[in-house]
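Written below as structure tokens is the structure these notes are about.
Each chain gets a letter, A, B, C and D, in the order it is written, and its residues are counted from 1.
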Amino acid sequence: MSDARQNYLSAGDTVKSWLLTTDHKRIGILFLLSILFFFSIAAAAAALMRLELLHPQGHLVVPDTYNKLFTIHGVLMVWFFLIPSIPSVLGNFLVPLMIGARDVAFPRLNLLSWYLFLTGGFFAFHAVILGGVDTGWTFYTPYSSAYSNSHVVEMALGIFIAGFGSILTGLNFIITIQTMRAPGLTWFRLPLFVWSMFATSIILVLATPVLAITLLLMGVERVWGIGLFNPKLGGDPVLFQHLFWFYSHPAVYIMILPGMGVVSEVITCFARKQIFGYKFVAFSSVAIAIIGFLVWGHHMFVSTQSLYAGLTFSLLSFLVAIPSAIKVFNWTATLYRGSISFEAPMLYIIGFIGLFVVGGLTGLFLATLAVDVHVHGTYFVVAHFHYIMVGGMVTAFMGGLHYWWPKMTGRLYPRRLAQVAAIILFIGFNLTFFPQFILGYLGMPRRVHDYAPEFQFYNVCSTCGAAILGLGYLLPLLYFVWSLRYGQKAADNPWQATGLEWKTTSPPPKHNFEVIPVVTEDPYNYPPLNDYGEHEHA
Amino acid sequence: MKAASPSTKSLAITWLVLVVLHFTILGISMLEFGGIGTPVILTLAVVQMILVMLVFMELSRSNKLVRLFAVAGFFWLLIQFTLTAGDYLMRAFH
Amino acid sequence: MPEANPTVAEQFDDRQQQRDAATLGMWTFLATEVLFFGGLFLAYTVYRHFYYDDFGAGSKRTDLVFGTTNSVILITSSLSVALAVRAANLNNLKSTLRWLVVTLLLAASFLVIKGFEYHKDIASNLVPGPNFTPTLPLHAQTFFWLYWAMTGLHAVHVMVGMSVLTAITLLVWRQRNLPAKRTTIELAGLYWHFVDIVWLFLYPLLYLVNRHS
Amino acid sequence: MNVPFFPPEASSLAPETDHLYFFLLGLSLFVMVFVFVPLTFFLFKYRRGRRANRAALNLPTNRIEITWTVIPTLISLGIFGAGASVYFKEEVPPQHYLDVNVIGKQWMWKIQHQEGNSEINELHVPVNQAIKLTLGSEDVIHSFFIPAFRLKQDVVPGRFATEWFQPTRTGTYRFYCSEYCGMDHAKMEGFVYVMPAAEYKQWLEQAPPRNTLAQSGEKLYRILGCSGCHDGQTLVHAPPMEGLYGALVPLGDGTTVRADETYLRASILQPASHTVAGYQPVMPAYQGRVSEEQLMELIAYIKSVAHSEPLKKP
């Protein structure tokens, strides 16, 4: 086969060609496989936690083990699944394709990001094997630096190294989107997924270094006993919280922004219609990225942070909710006078909108000072961020995977089964996490392995929901792997979507485009629809 | 890009100004200035930084985009400092 | 497939796009370094606000002579690397090599002086911990933790900068193809200037805390 | 099996937090209706293949966008204001209140009443009486959380934290530690017993402690050697404790500060950085030699002599 006909998957199938590839598409696939590994460990930890919480006294595991379980679940999910998932998998694969470039700006740096992620992952996994960490993913001092006797330093080293991986990914995307767009592809002709990746990269690059220095200081304090965060040596633990949350709140926007980009792409394709208010949706991504840096204090309303700082952060936290609201309203308005089909990706995206609205609104509860004093550190918070992370981010990631799977692998998955899986996930999710809102306001604290007997009903519902959720995640894994061999061959543009990535073959050739395309018209310019929702061939 | 790169003369002059500023800072801190010594020293250090960025790092010769990227980091640092300092200073009033 | 120009990686259209991308990439990386050091400066600011007198006492124990000479050395090395970048842009191989070597020598002397300073500090047991000198107040230990953390992290960055500059000098000296190396030298120069800027702030904050009283 | 749906409202401020909570619930329902009703309607009406008018309309996008930006912003400011006002009430205790000290240490709560009674993981309080808790931690960050009173306050080692409540209904309510603090974080819980005033008084006298908090503070004041300098008759020049609590104290560096718990704590643990004007910094630092409990006992003693005259020098 001539080089042009050979796609990126068949161009060299030795292990070396995969491990030393600088092709952004292969690096995306490598990231997909590695985050799957960490997702499975963290999901297993979550399953054990839910089993432990079936019974009020909770005799399944010893308290110390439970503490290690929720730390493993937190650390691996946050840094080794959620943060890399859409940026490093779908972002790596699609951003160069969507902007008509042959590869990212620094391909070797891109491969280095994967190796940094793997090295960090190795240290984190090794810490888990040795006995895990019992500080929670927040590593609050002075417990983590002076009182815990678990493998905190090795886990922190793992996250520190993986953090540099995500800095380099962010740096790569900023430069790629900035300097390597195809001729004619102005900023306002960019697909909204690229806008959200640009905003995410701003956060990746500007927030992760602060995490690096925070973990470094916490590790050094643990090893040499410096007094920066230990009050017995004159330090201030609240300073650690300031530094940690300065990174960790923007980090939650690193997780959700790419999901919003996927939603904009999928909803326009399956409504066959231009998005409503393109500029507002694009700028709200950037607005979230910037305002996201101003609000971290709402994690510390009851932490002896000063009263006036609490007021400032509460006000700013309300403002950061506005751009998200704008996005949701625009997505809903996009469906008006569209021609909607309920393929699997669209089902996930509708699920996303439903769950993200609930997650976002409960965020307002937590931003209200008086209510947060009651619900901080309870299951209300756990439910809120799972609605955003799992209901929002992971659902959007699944939607994105289903949408671009034909482009990535050249195969189609079973249509009906995928639709069923989406619905199962939606039901299982709600059954798992909605009862936790009620538990939270009732006052059940988080991170506890046993609870008051009267809370058992809600915990049992939540565990049953978790079982359905677990099943819901297994189904796509099965039929995706099945589709690799037996799936129907996919056409170049199975969903008849607009966007440069659909103009190449499925899977795309090694160098993406024979000739770099010239872009002349706006994104999502679907032809007008007749009364039955078919495109009029003007 | 203006001239290919800065002339040796302008580089040397900048170096001289930096060294002079450096010893001024040292001088200020040695003499009795009461409380206002620190802010003056910090402003002089910021002047030194701006000089290094403009001349040595050729920011004065680069386009608007590079300048934006150069300044962005400090803007975010400013966010972190102001809001955290706000918390520490406000702890006295409640 | 456009004809592959040897000095342009295949994903770029032309040299100018590749050079812009590299410069922007380095400036973005420097922004992350600013925030990386920023965490330390924030901790310094908070604890100086809390323990100003102890910081003053601690700062008087740092060696002013070593500190000042090191500052002058770093500023001069910033000049020499800027001259090296200028020579590279003018395609003057000999003077590029000369200035690169000067920069390396200055960097090495900075580290040597740093070594002596650390040795002297350890000798007069300024290392916080059990055998910290009793003559200083309790929270001078926080000052010296910050002193060791900030100058240590800075020294690591100096070493990284030196190794990058040494690699470039050897490559340029052996391969003699200056045009291909011009961007790399420019990036190394940017990184070195950043290391100098950090020291410009470290010096007053660590060595000059109310020296006069 | 009774399945609770809502926590009991047992403190004066609980209803206010609940009003906010219900307002936010109502607002959320309104927003969900505003989004989900048109969403499902569009999904149904504009299904591919269903006959509907799909001619593209150029709607006044900008005006629509501005409206659904301004309106949520205004609503948010409103909620922020309401939340902040209730938060202020929670921060500022009423005029006269009962002082109770709470010390969190790895994995239990020790509670000390002014009358000297101390209890572990239990808090007996009279109903309809404002109680102000002064919280300290011996080791890591804990958080004293009483769901029935809608109240939580992190307890950070190295400083005192305060929170106040006024129970309005007698009964037994749980309290928890809601900031992860190590292995038995989940065990660090207990019960608040809200009792009628008479019953509370009877409980106090039922097992009368040997001496009140202030008295044990005074004993400590002698054992630790504070009285050696701070008593009126000695030669060493040290500020008297009498009349100190609550007064304005001029410091060596020219500033003046009110002698509240935070000042007393700082000047006991690190006297060098808080020397009073006109005195030499000769007092030894008690950091690490005095536990939180002892610190609270000393401060209780200093408070108890706040209104007595200092003994004249010999």
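We take it that a residue touches a chain if its C-beta (ideal position, glycine included) is under 8 Å from a C-beta of that chain, and two chains touch if they have at least 3 such contacts.
Small disclaimer: the values here were computed from a predicted structure and weren't measured.
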Item to check | Core chain by centroid distance, with centroids computed from Cα atoms only | outcome: A
Checklist entry - Between what two chains do the most C-beta pairs come into contact? => result A-D
Checklist entry - Taking each chain's centre as the mean of its Cα atoms, which chain lies farthest from subunit C? => result D
Checklist entry - Using CA atom averages as chain centres, what separation in Å is found between subunit B and subunit D? => result 42
Item to check | Distance between chain centroids, defined by C-alpha means - subunit A, subunit B (Å) | outcome: 37
Checklist entry - Distance-wise, how many Å sit between the C-alpha centres of subunit B and subunit C, to the nearest whole number? => result 15
Checklist outcome for this item: Note: subunit D residues in touch with at least two other chains are 91, 287
Checklist entry - Residues of subunit B touching 2+ other chains? => result 65, 72-73, 76, 80, 84, 88, 94
Checklist entry - Which subunit C residues sit where two or more other chains touch them? => result 24, 28, 31-33, 35, 38, 42, 46, 51, 138-139
Next on the checklist: What's the complete list of touching chain pairs for this entry?
Outcome noted: A-B, A-C, A-D, B-C, C-D
Next on the checklist: Could you list, by residue number, the parts of subunit C that touch subunit B in their complex?
Outcome noted: 23-24, 27-28, 30-35, 38, 41-42, 45-46, 49, 64, 68, 71-72, 75-76, 78-79, 81-83, 85-86, 89-90, 189-190, 193, 196-197, 200-201, 203-204, 208, 210-213
Checklist outcome for this item: Within the complex, subunit C is touched by subunit A residues 96, 101-107, 167, 171, 174-175, 178-180, 205-210, 212-214, 217, 220, 224-228, 233-236, 239, 242-243, 511, 514, 516
Item to check | Parts of subunit D lying in touch with subunit A, wherever the complex brings them together | outcome: 1-7, 16-17, 20-21, 24, 27-28, 31-32, 35-36, 38-39, 42-43, 46-57, 59, 61, 64-65, 68-69, 72-73, 76-77, 79-80, 82-84, 86-88, 90-91, 106, 139-141, 143, 145, 147-148, 150-154, 156-159, 161, 174, 176-187, 287-288
Item to check | subunit C to subunit A touching residues, read off their complex | outcome: 1, 9-13, 17, 20-21, 24-25, 28-29, 31-33, 35-40, 42-43, 46-47, 50-51, 128-129, 138-139, 141-142, 145-146, 149
Item to check | subunit D-touching residues of subunit C, taken from the complex the two chains share | outcome: 51, 53-54, 137-139
